[in-house]
Amino acid sequence: MDVPILLVIAVTLTCGMYMVLERTLLRVVIGLGLMSNGVNLMLLASGGLGAGTAPILHGQRDYGASPVDPLPQALILTAIVIGFGVTALLLTLAYRTYQSVGSDDLGELDGKLTDE
Amino acid sequence: MIARSVILTTCARIAYPVLLLFAVALYWRGHNAPGGGFIAGLLTAAAIALRFIAHGRRDRSGASAPFITAIGVGLAIALTTAFGSLAFGHAFFTHTFGHFHLPLIGDVELATAALFDLGVYIVVVGNVITVVSAMTDREPGED
Amino acid sequence: MSNLPVLPVALPMAAGIALIFLRNSPSLSRAVALVANLIVLVLAAQLVETVRIDGVQVLNFGEWPAPFGIVFAVDMLSALMVLVTMVVSSATLLFATVSLDDARERTFFYPLFQFLLVGVNGSFLTGDLFNLFVWFEVLLISSYGLLALGSERYQLQETFKYLVINALSSTLFLIGVALIYSLTGTLNMADIAVKFPQISDKGSAGAVAIVFMLVFGIKGALFPVYQWLPRAYFAPPAVISGLFGGLLTKVGVYALYRVTSLFFVGNVNFVLPVLSFIAGATMLFGVLGALSQFDMKRVLSYHIISQIGYMIMGLAIFTPLALAGGVFYIIHHILVKTALFLVAGAVEATRGTTHLKRLGGIVDTSPVLTGLFFVAGLALAGAPPLSGFVAKFMLMQGGLEQHFYIMVGASVVTGFLTLFSMMKIFRYAFWSPEQVPFSGRGGHATRLVSITILVGLGIVLGLGAGFAMPYATIAAEQLIDPSAYIAAVLGSQAR
Amino acid sequence: MWGLVVASLLPFVGAALLPFLSKSRGDNCGWIASGFIVASFAAVAISTPAVLHQPGAIAFEWVPSLGLQFSIAADGLSLAFAFLITGVGSIVFTFAAAYLGPEENRRRFFCYLLIFAGAMLGVVFAANLISMFVFWELTSVSSFLLIGFWHERDASRGGALKALVITAGGGLAMLVGFILIGSIVGSYEIADIMAAREQIAAHRWATAAAMLIMLGAITKSAQFPFHSWLPSAMEAPTPVSAYLHAATMVKAGLYLVARMGPVLSLIPIWTPTLTVLGIVTMTWGSFLALRQTDLKALLAFSTISQLGLIMAMFAQNTASAATAGVFHMLNHGLFKGALFLMVGVIEHEAHTRDLTKLASLRSNMPRLFAVLVLASLSMAGIPPMGGFISKELFLEEVLQMPWPLTVIAVLGACLTVGYCLVLAIGLGLTHQDEAERKHAHDAPTALLWGPAVLVFGALLLGLVPTFLAGGLIESAAAAAIGGHVPHPHLTMFHLSPTLIVSVAAISAGAAVFRFGWMRRTPDAPKLVADRVYEAWLTGLEHNAQRLTASYMSGLLWRYVTIIVCVGIISMSALAVFVGFDASAPWGARPAQTFEYVVALIPIAAAIGAVVAPTRLAAILALGASGFSLALLFSLVGAPDLALTQIMVETVSVALFLSAFVHLPAYRKLKPRKFQPLYAAVSIAFGVGVTALLHHARGQRVGGTIADYFVENSVEKAGGHNIVNVILVDFRGLDTLGEISVLGIAALTCYALIKLRPERKRP
C-alpha cells in the first residue's frame, strides 16, 4: 500500500508545515505534532512497505512468512517516545509562555519589547 | 475544580487494578509479543491519572515528588543493567538471558533485558504523572 | 574491548540520576556534580591519549557486531571534543556553584547540566546515525530546560522559538535518516561511508547531503539559518549562555565535520564549494550582527556565529592543514568563548546588567576581571600568540594555498571587526566612567578562578601550540582519510 | 647573541615582576622599570661588537610543523633600532618616573610600557616573519592600553581605539602578505626569504603580497592616508607620546620597509608607491603641522612628516638613500623624543600646551628654552645639529627624483623649517599672556636632564657623526638594501647643489614663519582622514544595525520560512544542476481500494487540524491523525507501533486538553487568513520530501542490517518480538537515551511550572 501511505505522508507534512508557519502558539504545537506523525510514517516507508507479517517470530526458528523490516519500527518507537517527551515539554512551555505573555499570538513574542 | 461523580469514582476503583494488571501483562510479554515497558508504563500512568481525577486530589504539589524520584529510580535501574555487564568483563549493555524452571509457574525465561525494560516502565510512569500533575497544578485564579 | 569510550556518557548520566535524588541539598549537589565532572575529565584525557597511541577506539554495545548494533567510535576529533567539553563544563560548573540563585539550584539545574553533558558527549562519541539523533535529543531537551530555568518572560518566549526550530530540525534529521536508510539499508556511519559511493543516483546522494547540511547548519548556527541563536542565548543567566555558547553549536559543527568527511567528500561534489560560501557568509553576517549590538551578551552571541564560519572554513578547504586549523579553532573557540561569557556572567552578577551603555569603570573595581576579558577578547579576535591566532593562521595559510582568496579575505575582515567589537566592549564596559553607581560586592574569587582556568588554557594553547598540534594533525588526518575509522568499526568485515 | 635574548626578555620579566617588586602604592615602580630598561640597553650595547662581527641566530621552536618559531637574529639595522628603543627608552622611563604624580596608577603604566619596550625589541630582533608579526601586534595592543591610560577621558578611549583599529588592521593585512610570502618560499625565516627573493618577485602573488605588507608598514608608521590615528593618540601621557609616537613604535613600519626592502623592491610596485606616499606624507604632514596651535598636535604632525621623509628614503633601496634613512631615523628619535618630553614639561609647569596661550618661554624657562631651540634647529635641519646632515642627504636623493616629487619634497622642507621656527622662536619670543608668568617657572632638573641628554646626542650626531655611529649606520644601511654600502662620510661642511637648495629652503621657511602665510587656527578644521574614519565608524554600525534588524525579526514563522525555503531552493538547484536519475525504478506497488479509504482518515484529520475553528477541534483533529496512524501501523504489520501510538495519542490529547482548553480567553482559534506563500512553501516541502523518499526507496544498495536482527533475535537475544529486542538489546543504547529524554522532559515541565519569577521557591 505504497501510494496511500505516500499520500498520507505528503498531506500530513504539508498541513504540519503550514501550521508551524502560523502565528498561534497552539497551532504551531499541533503542526509539529502532525509533522512528527508524517515523519514516523516516512521512517516506516523507508524500510519498505511489503505485505509482510509483523516482525514477531513464533517458535525457535520461524522463517515462514518474511516479516517486514523491524528496524524502522524500532526507530519509530524511539522517535515516538522522544516526540512524546518533547510534546509534553512544548505544551508546558507554550502554556507558560501564554501565561507570561498574556497572549497566544506569536507576533507578540518578537522580542522588541524586551530588546535593548 | 473537578466535579466528582460517584460513577466516576466507582469506575475508577474497579478499573484501576484491572488496568494495572493489564499493564503488568503487557510489560511481561513485551520481549516476545507486542507490548513492553513503554506501553505498560503509559497504561499504568493512565490508570494512576484516572485515580487522581476520580479522587479529585486538590493538592497535587506533594503528589509529584515521589514520581520525580521514580524517574530517578527508573533511570538508575536501566543504567545499572547496562553497567552490570561491565562487572562480568563484557561490553557495556551486554545482556544475557536464561531459562529457569520455577515451581508452579513452569519454564520461565528471564533476561536482563527485561530488567532494563523495567527501568523504562518506571521512567514512563514517573514522566507522565509528573507532567500531568505539573500541568494541572494551578493556583486559584490562575486558570 | 575497552569500555572507556562509554564512560564520558555513562558517568554523567549516573551523576545526573544521583543529582535528581539530591535535589534538595544544593551543597551536596555541587560537590557531587564537580567530582563527577573532574573524574570524567580525567577519563577524557586518558581517552585522548589512548586514541593517540592506539588509534581509533571502538566499543560495540552489547557486543553485537559492527554494522548491526550501536557502536561508539572514537577518533581523535571525538576524543578532543569530549576532553574540551569536560574542561569547559567543569569550569562552568565551578562558576555556577557560586553564581546561581538557590531556586535554580534546587530546581534541577545540576541534573539538567549533567544530562546536557550526556547528550553532548554521546553525540561526539557515537558511530551510529540514529544514535546521534538520540543524543542530540538528549542534549536538546536538557538545553530547553536550562534555557527556560527561571521562567522569566524573555526566557520563555525565546525558549519556545528555540524549541520549535530545533524540533523542526530534528524532524529534518529524521527525514535524513529515512533517506539514508532507504538508500543504504544501514545506520552505522562507517557502514554508510562504505555504501554511500555505491549510490548510483547523484541526485539522491546530493539530496541527502543537503538535508544533513541543513540539519547541522541549523544546530550549528550557520548562514542563513542561524536566526534562532542570538536571542535564545541572551535569555538565560550568563553562566548557562556560556556553556551553550561554548558547546552546543559546536555539536552541530562536529556532526557536519563527521558526515562531510565520511559521506560526502568525494561523492557529492558541490558540498565543499557550498560550504566555503556558507563559511564566508556566516563570518560576515555574524560579525556584522555583533557590531549592531550594544549588550555584552548579545555581542558575544553574534560572535559565536561569526566564529563558526571559521570552523566551517577549515572544513570547506579540506586539506590537512586547514582541517587541523579547523579542529584547533573549535577547541580554542569553546574555551575562549565560554570564558568571555563567564566574564559577562561575573559582570552580570555584580552589576545586574550587561548593557554596554549602563556599564563602566570595571577596570577600577575589578582589574583582574578586566585583564581576563582583555586577554580572552584578544584571543577571540585572533591576536598572537594566543590560541585564536594559531588556528586562524592555519586556516588562512590553508585557504591561500588552495586559492580561496575571497574566503580568506572574509576571514581577515571578520578578524579585524571582531577585534574592533571586543575593544568596543572593553572601551564601554571596562574603561568608561561608571554610569550607574555600583554598590555590589566585588567579583567572587571562585568566579575569577574558573575564568582564569579557561583564559589560561587559551594562552597555553597558543604558546604551547607546538605540543597541541600533533593532536589536531592526527584528527585532521583521520578526517581526510577515514579508512582507519571505517576499518576500526567494521573490522575484518569491511567491504 | 644571547645578550640580545636577555635584552629582549628583560622588559617582559620586569613587567611580570613589577607588581611584586613595587611597593603597594607603586611609588618606586618607575625606578624599577627604568632599571630593567637600562639593563636591557646595557645588554644591547655589550652584545653589539660581537654581533656585528659575527652575526648568528637563535631559534626557539613554537609550532615546528607550521614553521613557526621565535628566532632571533641581529644586524646593524636591528641594532640601530634597538639602540633607539632601549636608549631613548632609558631616558623616557626615568623621565616618566619623575613625571607621573602619585595619583596615577604607575604600576599599571610601567607594566604596559615595559611590555611595549619588550615587544619593540621583539620586532626588531625577529628573524622569522611570524614572530615579527606576534610582537608587531603586541606593540599595537600595548600602545592601545597606553594611549587609553587616562581611560576616564572619552578622547583617550576613542584615540586608543582608533590607533588600534588602524594599526592592528594594517597588521592583519601584513599577516596575509607574510603568509603569501611564506607559502611561496616554504619558510617564514627571513634569511630563507632573502635567499629566495627572485622566486618571490616572479610569483603571481608578488604584487599582492607587496601591497599587503606595505599596508602594514604605512598604517603603523602613520603614512598618508592612514596618518589620522597619530594625532588622536596624543591623548596619551606625554612620555608615551615621546616614546611610542616619536621614537619607536611608529618606526616599526620603517623598520619593516627597510628589512623587507631587499626582497620587495624587486617587485615593481614597491618603490614608486612608497616613494610617492612618503613624499606626500612629508609635505602634507608639515603643512598640517603649521596649522596647529596645540603643541602636541604640532609635534604629532611633524612626526608624520618626518616619518614620510624616512619612508621615502628606505623605499629607494639604494646605498645612499638607506644611509640617509638610517641617519635621519636616529636623529629623529633623538630630537623628537626630546621635543615631546619638553612639551610634557611645559604642560606640567604652565598647565597648557596651547601655543597661543604660552607666554615667553625664554624668560620664564630659560634652560628649557635653550634645549628646545637646539632640538627645533635639528628638526629644521640647521647647523650644527645632526638634522642638517640628514637633510642634506635627503635633498641629495630628492634631486634625483622625477621633478614633481622634487618640487613637493622641497616644499615640504620649507614648511618644515616654518613650523620649527614656530617652535623655536614663536614660543620663545612672543609676549601674549603675562598672566601665565606667575604660574610658570623653570623646569626642575629632574625633568629637564632627559631631554637635554637627547638633544646633546643630536648635537653630537651633527658634529661627529661618523665617529659616533658610522659603523652602525653603514651596517644598518647595508642590511636595508641587502648589499654593500660604502663607509659613510658624514660631515657638516661640504659644497654641493644641495647646499643651495637647502639654503633656499631655510630662507623660504623663515619667510613662511615671518609672514605667517599659514594661518594657525585655534580650532583647526577636522582632518579629512578623521572624518573618513568617523564616517566609517558610524556607517559600519548603522548599516550593521539595519542589516541585522532586517532578518532578526524575532518572528518564529519568518525563521521557519527561511529554513524551509533554503531547503526548497537548494533541492531545486540540485534538481536543475545535478538532476535525479529518472530511470531509477519507481517501485510503487498498487494498493487496494480499501487502503485508499483508510488513508483518507489521516488525510482528513490533517486538513481538519488546519481549518479547525476552535482549540478543541484542532486538538481532536491532531488526535484523529494519531489514532488513524495507529490504524495504518496495524495494517502494515507493526502491532507494537499501533499499540504505542494509541497509548501515546491518548495521553497526549489529555495533556493538550489540560494545557489549553481551560484557558479562558482565546477559546476561539481563528485561523490566520489564508496565506498563499506559506501554503506554497508547505506544499513544496511536503510533496518534495515525499518524492525524495520515494525516489530513494527505489535504489537501495544491497540488503539491510535488519536481516541480522531477524536471524539472531531468538537465539542470541532470547526474544521473539524483534522490535522489542531491538529496542532493549540490539539498540538498547537508543532506548537509554530515549528514557533520559523522557525523564528530563518531566523534570523540565516540573521546573517550568514550579519555578517562576513570581514564586521563586519551588
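Labels for the chains are A, B, C and D, by order of writing; each one numbers its residues from 1.
We adopt the following convention: a contact is a pair of C-beta atoms (placed from the backbone, for glycine too) under 8 Å apart; a residue touches a chain by one contact, two chains touch by 3 or more.
These numbers come from a predicted model, not from an experiment.
**Student:** When C-D is set beside B-C, which has more C-beta pairs in contact?
**Tutor:** Looking at C-D and B-C side by side, C-D shows more C-beta contacts.
**Student:** Which chain lies at the heart of the structure, taking centres as C-alpha averages?
**Tutor:** Closest to the centre of all protein C-alpha atoms: chain C.
**Student:** I'd like to verify one number: the distance from the centre of chain A to the centre of chain B, where each centre is the average of its C-alpha atoms, in whole angstrom.
**Tutor:** One centre to the other, that is 24 Å.
**Student:** So, what's the distance in Å between the C-alpha centres of chain C and chain B?
**Tutor:** Computed value for the inter-centroid distance: 36 Å.
**Student:** Taking each chain's centre as the mean of its CA atoms, how far is chain B from chain D in angstrom?
**Tutor:** Here the centre of chain D sits 61 Å away from the centre of chain B.
**Student:** Enumerate the residues of chain C that touch no fewer than two other chains.
**Tutor:** In chain C, the residues touching two or more other chains are 13, 20, 61-62, 130, 134, 137, 141, 144-145, 148, 151, 153, 160-161, 164, 168, 175, 178-179, 181-182, 187, 231.
**Student:** Which residues belonging to chain D are in contact with no fewer than two other chains?
**Tutor:** Within chain D, the residues that touch at least two other chains are 554, 556, 560, 639-640, 644, 648, 651, 655, 659, 663, 689, 693, 696-697, 704-706, 709, 720-721, 727, 729-736, 738-750, 752-754, 756.
**Student:** Using the touch rule from the top of the page, what residues of chain A touch 2 or more other chains?
**Tutor:** 20, 28, 42, 45-47, 54, 56, 71, 75, 77-78, 81-82, 85-86, 88-89, 91-96, 100, 109, 111, 115
**Student:** Name, in rising order, each residue of chain A that touches chain D in their complex.
**Tutor:** Contacts found on chain A: 1-24, 26-31, 33-34, 37-38, 40-42, 44-49, 52-58, 60-61, 63, 67-71, 73-78, 80-82, 84-89, 91-96, 98, 100, 103-104, 106-107, 109-112, 115.
**Student:** Would you mind writing out the residues of chain D in touch with chain B in their complex?
**Tutor:** 639-640, 642-644, 647-648, 650-651, 654-655, 658-659, 662-664, 717-721, 724-725, 727-729, 732-733, 735-736, 739-740, 742-743, 745-747, 749-750, 752-754
**Student:** Taking the touch rule as given, give the residues of chain C at its contact with chain B in the complex, in rising order.
**Tutor:** 1, 3, 6, 10, 13-14, 16-18, 20-21, 23, 59-63
**Student:** Report the residues of chain B in contact with chain A in the complex, numbered from low to high.
**Tutor:** Spelled out, the residues of chain B in touch with chain A are 32-34, 38, 127, 131, 134-135, 142.
**Student:** Considering the complex alone, what residue numbers of chain C touch chain A?
**Tutor:** Its residues touching chain A are 130, 134, 137, 141, 144-145, 148, 151, 153-154, 156-161, 163-164, 167-168, 170-171, 174-175, 177-179, 181-182, 187, 231, 294-295, 355.
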